[in-house]
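Some structures to go through are shown next.
Paired with chain B in one complex and with chain C in the other, chain A is shared by the two complexes that follow.
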Partner chain A sequence: MLKNIEISNKELIILMAGFIIGDSIIVNIARAVKQDAWISIIISWVFAYVLIGMYVYIAKLNPNKTLIEILIDIFGKYIGRILSVLYLWYFLHLSSLIFRSYSEYISIVVFPETPRIFITAFSSVALVIGLKYGLETIARTSMIAFIIPPISIIIILLRSFKHMDITNIQPVLEYGMNPILKTSFGLLTFPFGEAILFLMIFTFVNKKEKILKSSFISITFVGVLLIIISLMNIMVLGPEMINRNYFNLHRTSTVVPGAIIDPFITVSQLVLAAIQIWICIYSLLIGITQLFNLNDYKPFVIPIVIISVSLSNWLYNNVAEMFRIAQEIYPYYAIPFQFIIPIIILIISLIKQKGNSKSTST
Partner chain B sequence: MVGMDNNMFRKLGNIFRYMKLEKEKSKNKKIDISLNIDTKIPKDINNIEIELKKIFVDSFDFILRKITIGDDFKREVIITYIDGMINEEIINNDVLERFLEFDYNKDNDEWTREEDIIQFIKKEIITASDIREVKDFKKTIESILSGDTLMYVNGADSALVISARDWKERSISEPVTESVIRGPREGFVENLKTNTAMLRRKIKNPKLKFETLTLGVETDTDICICYIKGIADENIISDLKYRLSCIKSDSILESGYIEQFIEDAPFSPFQTIGVSERPDKVAGKLLEGRIAIICDGTPFVLTLPYLFVETLQSSEDYYSRILYASFNRMLRFISFIITTMLPALYIALINFHTKVIPVRLLLSIMDSHEGIPFDPFWEAIFMSLLFELLREAGIRMPQPIGQAISIVGALVIGESVVAAGLASEIMIIIIALTAITSFIVPALSESLPFIRIILMIGANILGFMGIVIMLAIIMLHLSSLRSFGVPYLSPFSPFRKERIEDTLIRAPLWSMFKSSKLSSWKYSNNYSDDKNYIEKED
Partner chain C sequence: MTIKLIVLLIVIFFIVIAIDMPYIKKKSSKRIFTIYFSLIVIGFIMSLLQIIDKAPESPVVLIEKIVRYIVY
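Let's turn to the complex of A and B:
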């Protein structure tokens, strides 16, 4: 049982928004569809409400339980534990993916000559300290630090206003609907579907009846921000540049002559990546303590972070491979974690609840 | 599993505590100088005299006067006090003279009876206003020591405490540490009662409570907890009383002793208990629901809980008009950022991000930096060390020599360091700016050097990114801090709408001070002590 840790709903909004935006602020997540990226973002955004609504509903059906407890509850001791271990692997993998993507960005854009592992290791000091302090501190720090990303987006938007060309989004639907739908599916798994991790966090929120509202607020915020970024990139850079470039927002900011606004993006990327990694590893640590019936997660903080950092170094050989895997393989890899198992959990817990209500009524 | 503490500083504290415990174990001898006195007052006056002379042997300031009074029936009376701590006029006029003038024949019955003699003296003879009856002999000794005059009467089982305390003290003057242009010119003094009176004069309300207790085994220092009942949070008051009761110290000489015993994070560079010398400021804090601790013998009053925003507030903000006050708040915040970040930013710019600087500025910077044998990092460390040295020297020096320091500091350091090629001019400017801005936020002056150096190290390792990471660590530490259960960064995070109006700006007074808001110190959802642990599943 997890006790005594409380985060407010405002902090949940911030954490969820930060987590979902994550590295999609710098990486163009819908690169494949060129100028129609915004359409696929809108489609996946709409479906994200359904998906995250489902996650919240699962949490509501199994009150005060984390994902690991729900799994053991629903699938029994053995299958539940196997699935839990799979989920823990997923959390770990996700955290190392995030480590990799932001350190790639920084080592490509900001410090080309610094070894990537050094950047990751140095930044993980702050992450370790945050994890040692616990979720409340993480949430409060994120609350203050989260001011930076929207402000930097607004600054870039204002700076690049002159350089926008509305005709860049034409022709709309050049390649038909199919690639757009395919990309939207990818977008649903990354970034929106990753909110499955919040099934580990929802138990700490102090007003549980307002979780759905808070989640929807953060999805709305994320959707608006992503569409703004996407449209801005398309209008400033044009479809070809978008497809050729890995880090669109950085390119957009450098296209604008005059003041250098690049550090803003780097800082907001650091903030968002920190929120993501915190949530991932915190969920992982909570999962470990619950799976093995332990008292405290703190002895695991440093080992887990070290494993995650090293894993991030082994995952890909180079940045091109990273983007190929993120676009072509990751969506299918995420399907069981984000869709199949949650749907099964939902169905079984609905059946259980009906059974319960019948047994109590009779 | 080892249940580790959330706070890494607390862990360090545990190590210290453990070491202290071991030390005590190995010694295991405590010098017991506490007085071994009977609690009962001896009936025979001669015994009392012997006892007192035994206790106060070798104390020349102890005055014992034995007189015999009464017309037919004689009675011996001892009057004792500590020289220099009482008003002798009161004792002469209201006690001694009354004894001589009293007509004992009239009330001969009562005068001869032993049971009511103290009551009789209290009611009929002495005219001094503040009189108490004490039956505990040990307490009478304590009263003598704290400046009361004691009267023992032959045959009575209790003694009279005549409070005629009067000693020389500093008069009320303007506080040196917190000067204002507009506002009251009075500051706290060393006397506890004068201080409480100053607060009472500001808040004429019976709800303002002064609870006293004594701390320090050997010094027996008087401590006063002040709060306004109904506004201050009961949880915090009881927490404070618990912490004060845990103090097992020989001596309390200044409120700083108490502060260090009861504060939440002793190893943090940030203070979690506020200090002020101004009655108006303390009164304002009491009205906001805070608690003040006044310690006898020092003009510095502690206020708690203390939050980060209070370091940016000044009592003058509330006396000057909105725009100017808000402007000053912003100025203080900006100077806080400058004083902590400027050297780090400079190091990062020079070492890593030269492309961010406009070319002409870069040229002039590089020009001044040419020929300097050190890294910008070591240059900055060297120069800020110099500044800290000058600052400390300026405080410790006797006033007349202070002049010399400024000459040495300004001329020798400022001119010669550049001329000798040890530091660049830009670096001198940066350190000077850092110094000036650090004087704008004096409440943070204890924590500033640490933040500065942490950020400088970060900047030297990874430039802007290093600064961001170090800032993140500082932010994490700040948000993990609590002052008596209240989160340290409180109005910002956790976000409090009703408190945010008095932070970076100062909202108009008519919009801020509504009676309902005064009692908003209750942090219902986030109030509690350390909560970051996971309980084992049964």
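Let's turn to the complex of A and C:
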């Protein structure tokens, strides 16, 4: 059943862009460096090409294999399976984090009197339907829905133009390079490094020779959008307000008089969160079927979504803790999943490839 | 209120099982059956513990302890 799934390169671009942008437009972990946030984003954006290029190269060295299959192939049956379980936990944890950040935003900004669990539970119904229909449906839906976030950003940008004060980005490098580099590392792990999940998706792309080009197009689009959003927030709100507010883009949209444009942010966040959660849970489901040698993931869709929703409620006590963990802990927690294990996979894959080419030449 | 939530939770899980059961029976695979019900039980226990306010420490607390031990 898994062998009949196919998505186009255009769909990959949209899925990857939507996934990487995701909730980073509302969860701004660069706010600690205030007016220099845009510099952090540029630095992490440049390194993102290297990081995601590495993931694509791993996929190229291990053609038609998902991350789980690569782990078992490279590390052997036992260690491979242990690492696979760790990655499946990471995919589940990531989906719960997205559920939580999205529902915190909606419950604080849009429906303050609605219990957060109901927001998560009701939105998960649409997500279950998408997962039951499969990756191709998810990709096609994303192609249509993804038009909303960039248009919303453009509308907010145009409306808030008069309220921008370019002096708000000064003084540049007020706190030196160290905080900027530290924040850049955090931005590299969230959101760019989360593209490791696409090692579960690349195998379904129909033109595999164009995966690198498609990934770079996505990263370029995401980088430009994040820089625009960051500069817009800084110039409209100012550095102190950036640091004090949790949801800067929403705050920027409310500052503009005479127009109610914050619903655009909410709808954009809905679309992006859906794409992110779909990719996370789809990767988790594919991983489970491959780990247990099954041929169908659909029976597990609803139980996995329930576990993800339940975990999202369990994770943090409040939104302040969520932001604190995202800033202080998550970058280091993600290092093994996004850097260490992929680098080991890359080295072993290169050695194997050299070995294979030597044996074919003799 | 807690009892109402527990009843609601049980009803939701029965509905979920009712939706999925025809598809699982069609598959007639013991492995799928076992994994499915294991996930259902895990989901049910996690949700129930949160409703009755007896949920253990969040896994994030453990992750934070490990990261702080290694990094800081």
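Criterion: the second predicted complex is superposed on the first by the 360 of 362 C-alpha atoms of A that agree within 3 Å, B and C clash if a C-alpha of one lies under 4 Å from a C-alpha of the other, contacts with A are read in each partner's own complex, and residues count from 1 in each chain.
Just so it is clear, contacts are C-beta pairs under 8 Å (C-beta built on N, C-alpha and C of every residue); 3 or more make two chains touch, one makes a residue touch a chain.
Quick caveat: nothing in here was measured; it's all calculated off a predicted structure.
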item: First (chain B), second (chain C), both or neither touched by A:S310; value: second
item: Partner chain(s) touched by A:I166 [first = chain B, second = chain C, both, neither]; value: neither
item: Chain B versus chain C as contact partner of A:Y332, first or second or both or neither; value: second
item: Partner chain(s) touched by A:L294 [first = chain B, second = chain C, both, neither]; value: both
item: Partner chain in contact with A:V267 - chain B first, chain C second, else both or neither; value: first
item: First (chain B), second (chain C), both or neither touched by A:I302; value: second
item: Partner chain(s) touched by A:V50 [first = chain B, second = chain C, both, neither]; value: neither
item: Contact breadth on chain A, by residue count: chain C or chain B; value: B
item: Chain A positions touched by chain B in one structure and by chain C in the second; value: 293-294, 296, 298-299
item: Parts of chain A lying in touch with chain C, wherever the complex brings them together; value: 93, 288, 292-294, 296, 298-300, 302-304, 306-307, 310-311, 313-316, 325, 329, 332-333
item: Residues of chain A touching chain B in the complex; value: 1-6, 8, 10-11, 106, 110-111, 114, 119, 122-123, 125-126, 129-130, 132-138, 140-141, 143-145, 206, 260, 263, 266-267, 270, 274, 286, 289-290, 293-299
item: In the complex with chain A, residue positions of chain B that touch it; value: 1-4, 6-8, 352-353, 355-356, 461-466, 468-470, 472-473, 475-477, 479-480, 487, 489, 492-495, 525-526, 528, 531-537
item: Interface residues, chain C side, partner chain A - complex; value: 16, 19-20, 23-24, 27, 29, 31-32, 35-36, 39-40, 42-43, 46-47, 50, 55, 58-60, 63-64, 67-68, 70-71
